[in-house]
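Dropping the structures in below, format is structure tokens.
Two complexes, one shared chain (chain A), two partners (chain B, chain C).
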Partner chain A sequence: MEEIKLKVKNFVVGNFLFGNADGLDDDTSFLEAGILDSTGVMEVVAFLEQQFGVRVDDDELTPENLDSISSIGAFVSRKLQA
Partner chain B sequence: MCGIAGIVNFAAAEDKLPLLRRMLAQLQHRGPDAGGIFARGAAGLAHARLSIIDLSGGGQPIHNEDRSVWVTFNGEIFNYPDVREGLEARGHRFYTRTDTEVLVHLYEEEGEKMFRHLNGQFSFAIWDEQRRRMLFGRDRMGIRPLFYHASAGRIVFGSEIKALFADPSIPRRLDGQTLSDVFSCWSPIGERTAFEDIRSLPPGHFAVFDERGLVIRAFWRLRFPDAAESERLAERPFESWLEEVNDLVYDATRIRLRADVPVGAYLSGGLDSTFTTALVKRHFNNRLSTFSVAFSDQRFDESAFQREAVAALGTAHRECRCTDSDIGRIFPRVVWHAETPILRTAPAPMFLLSRLVRSADYKVVLTGEGADEIFAGYNIFKEDRVRRFWARRPDSKLRPLLVARLYPYIFGGPNSKSQSFVQGFFKRHLSRTASPVYSHLLRWENTGHLKGFLGAEINAANGGLEAFIERFTALLPPEHNEWHPLSRAQFIEIQLFLANYLLSSQGDRMAMAHSVEGRYPFLDYRVVELAARMPPRYRLNGLKEKFVLKKAAAGVVPAQIVDRPKQPYRAPIGRCFFGNPTPPYVEELLSERALRQTGCFDVPQVVRFIEKCRRQEGSLQAERENMALVGILSIQLLDHLFIRQQPVAQLESAAADDAAGRGSGVEIAVMP
Partner chain C sequence: MPLPEGFSKKVLEINPAQEADRICSRMRELVARSFRRRGFVVAVSGGIDSSVTLGLAAKAVGPERVLALLMPETHSAPETLDLSRLVADRFRVAHQYENISPLLEAVGFYDRYAAAVRRVIPGYERDWKSKIVLPSLLDRGGFRFFSVVAQRPDGSRVEARLPLEAYLEIVAATNFKQRARKMLEYYHADRLNYAVAGTPNRLEYDQGFFVKLGDGAADVKPIAHLYKTQVYQMADHLDVPEQIRSRAPTTDTYSLPQGQDEFYFSLPFDQMDLCLYGKNNGIDSATVARAIGLTPEQVDRVYEDIDTKRNGTRYLHLPPMLVAEVNEIG
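So, the complex of A and B:
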């Protein structure tokens, strides 16, 4: 789980924050903090599918699953265990 | 339609001719047909002419009977025959047939009260030799531009900022607040421009410059009715409003055909331009020429609708097809003309369109611009309405579904995968309905994330979203928050977007780049005032936009065009600048060295973003990243073109076919 979160964090910092991780912790809401908008989330999904070999279904595309590093960590762990 | 420039210097004797000539040279694209200069005493006026009315006798500057009042004028006074008649009745003698000449005589009669008599699109400067003062005026909606730099006892002004920069004493510095504001709301706000200490005279304002200094006042403001007045107006039946819309749009179109050269029309394939085109074709000119832009990228292309309109109306139509690499190639010249940072490439196709018009030997076109602002055509007005509806029941599952329906072109429609993220996004600030800027909060906040690319110094000086809201709210009239929410949202959109982006970066500057004058029937102040006065439900009915206008158009526009869902005018971005191929100037201007030199950016952050653009060959999914790319690149271009004075031709990758200056052999008449 920690490893997943670290990879996700590196992706978000590199790809959306362009290196500036100020104010980003594991529970920061991507939407609240304006890190992602609804167009950006598709990039996250593509990354998860490619990096972890999981498949994200349409009905799983919710803020509950994907709106912070922690929630993605938990979501991906669940998927990998399933 | 023309370019104007001038100087007043009360502080010192100054040989004005050399500077006036240099200023004119910078404005030649606006007026390639002739040039004129007046210089005497403290004042100098210059004029680059595009001949449209009184082709042989309309040379400017123009004077009154005893040559004590002189004007340099850009634009059109559409009601000049009526004004002239009144002035002749009062004994004024005219030596031309121009609309320009009414200005000097009207000034003699009315002084700064003259503006209420004018229906037009104008910016001008009138020098009153006896009272030793210059009067400046700019039309109500801000269709024509006027920029100035004032210092103690001296003012330099012009239609474009590049003319002001012909004066080496004028500072050349990018304005940090404007960079910050553009990265919030897309345009500079109030009187600001991209450059420090260079100001724009606001729409509907006049200014007087005399030995005591510069005084600026409004002569017209857009007003919406308050609650009491709305109640009274609500009694008037819809049919009566509809009839007045029909009458005024007809008349506004009619008087905009006044010209001694043929008038063409832009045809976007949407309702607004099809409506005015249909009116012209049916009532005034059966052999009308129309022009449109088509995109090779299908996501942006509207040519199918344009062809439908052409087939139904029977106009002689020409179109130019715009590719991604066209936009990348001409972008330096687009920014040279726009003179401001932009977040969209949408001006670029308009630049190509005006070139097409000019190559077909047209100088004047009608356009449908403005109808979306005054008759509430934009999605942001619906978004405001839906969010207010949702805010009354924030836990509703159904109400937010309306939001995604508004933006199918961004979010892929109501069944799109990212649906619940869309909702999460639009739920931000849902409860702040009391804010005067509620309609625009989300957009500003989302755009405002671009400020992460600006340097720490600029961000510290200008603050975040709340600081921007405070700055902008200070510009609103006190009664703004008593208006209907739709009127509030429309006022903000007009205040921010119309004069400072749409009519300038996408309008005047792109058309005048090829000496073409746009005319805007929907921005006739009588139409604007009528739309503002009518009950809001006749503008936005439920979620049906431009309700009354669609009814009005139904008689003359094909039904499939009236009924089609509105498609916002947009142009491609990322792929224009990367991998397709990447123009050399893009590599040069977005290099770490060049970014550092400008001194406006968080350089490591921008460098990493540009690496992503390069890696993905410009395929950027997020809207915000597309805006960031255009914003950063346009700031770099401004820095190179205006601060470092690198010639635009040097930056253009391929030799742009219109790079060669036009009209270099124009004769300049020096008066008196």
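So, the complex of A and C:
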């Protein structure tokens, strides 16, 4: 899971924060911190599907699965094990 | 807030005559003192917002100083042109017809749009019809992704969730429509030395249901403070033709009929108005839910969605930002 989280963090920092990771830790809520909007969530999902070869179903598009580096790490790990 | 017991659609009742006078007075002041122009151009679509804006402009400066622009294109609903002419005639305003299809063809809109849809629906051609839709907010929480619904010439339909690139390309392409119309509005405004009156209502202005530098551009937005319910009250007062007042609001953007509530807003406008009013005035979700027949959890989701959309709307309202002040301009 740590490897997944690292890849996600690199993507988020590079794509949404232009390299400045100040204030971002694994449990930071993307939405509350204003890092992602609805288009940003679509970008994250596209990244996960391309990077990890998983398909994110409609009922999986929830903050519980996608709103922080930790939650994405756990979600993708579950998907890869399924 | 001490009104929950009596919370109902009555909270949105206005005195339309008084409100029309206030709006028209401000429009006259702006056009004369701030814009230094001689009248107004209003783009009319056959919908309620543009009809009310046209009526207010005519009342503010006189119908002889207003031009109604009718700008349908290939995907527009067939009745929009007749309804637009009807309302221009009702307010005794001159109208001009500008078919924007050749303009859209020239910039490649129809081909670009079809190519974007083909990313998720192989085989999609220009003679198919389509629209994009959002899943209902009422059924479940979480993030909602747009889907495209396409209809083949034989009437059969196919639907597919839109990944990021296809979604952005579809929206970018359809934005040509609003921007082409705005370009023509300003052409006629410059030609006549008029100002442009925009037509957003409060829901649209607050929630970002407009295209930046498209229908979001205007010199004045006379009804941007009015909830949609109040726009209908104003329409009654101004005597907007009944065919327009009784017509369901549409986006007039996609080739398949599309309600605003399935594309952008979470609910039909009368419920959405009360949710927005409730949120703006600190009324708890249980009280609003009772008034509109939803559950408190559903209203909570609408409240969250209002915040989400407001976040996205800030960019749309931003003027060009400067890195350093230019004090002489202010």
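As a working rule, the second predicted complex is superposed on the first by the 82 of 82 C-alpha atoms of A that agree within 3 Å, B and C clash if a C-alpha of one lies under 4 Å from a C-alpha of the other, contacts with A are read in each partner's own complex, and residues count from 1 in each chain.
In the analysis below, a contact is a pair of C-beta atoms (placed from the backbone, for glycine too) under 8 Å apart; a residue touches a chain by one contact, two chains touch by 3 or more.
From a predicted model like this one, the values you see are computed outputs, not experimental measurements.
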{"item": "Partner chain(s) touched by A:Asp58 [first = chain B, second = chain C, both, neither]", "value": "both"}
{"item": "Touched chain A residues, chain B compared with chain C", "value": "B"}
{"item": "Partner chain in contact with A:Asn15 - chain B first, chain C second, else both or neither", "value": "first"}
{"item": "Touching partner for A:Glu32 - first (chain B), second (chain C), both, neither", "value": "first"}
{"item": "Overlap of the chain B and chain C footprints on chain A, listed as residue numbers", "value": "31, 34, 37-39, 41-43, 45, 58, 61-63, 66"}
{"item": "Residues of chain B touching chain A in the complex", "value": "410-411, 417-422, 424-425, 428, 445-446, 448-449, 452-453, 602, 604-606, 608-609, 612, 621-624"}
{"item": "Complex contact set, residues of chain A against chain C", "value": "31, 34, 37-39, 41-43, 45-46, 49, 58-59, 61-63, 66"}
{"item": "Complex contact set, residues of chain C against chain A", "value": "135, 140-145, 161, 163-165, 167-168, 308, 311-312"}
{"item": "Chain B-touching residues of chain A, taken from the complex the two chains share", "value": "14-20, 31-32, 34, 36-43, 45, 58, 61-63, 66-67"}
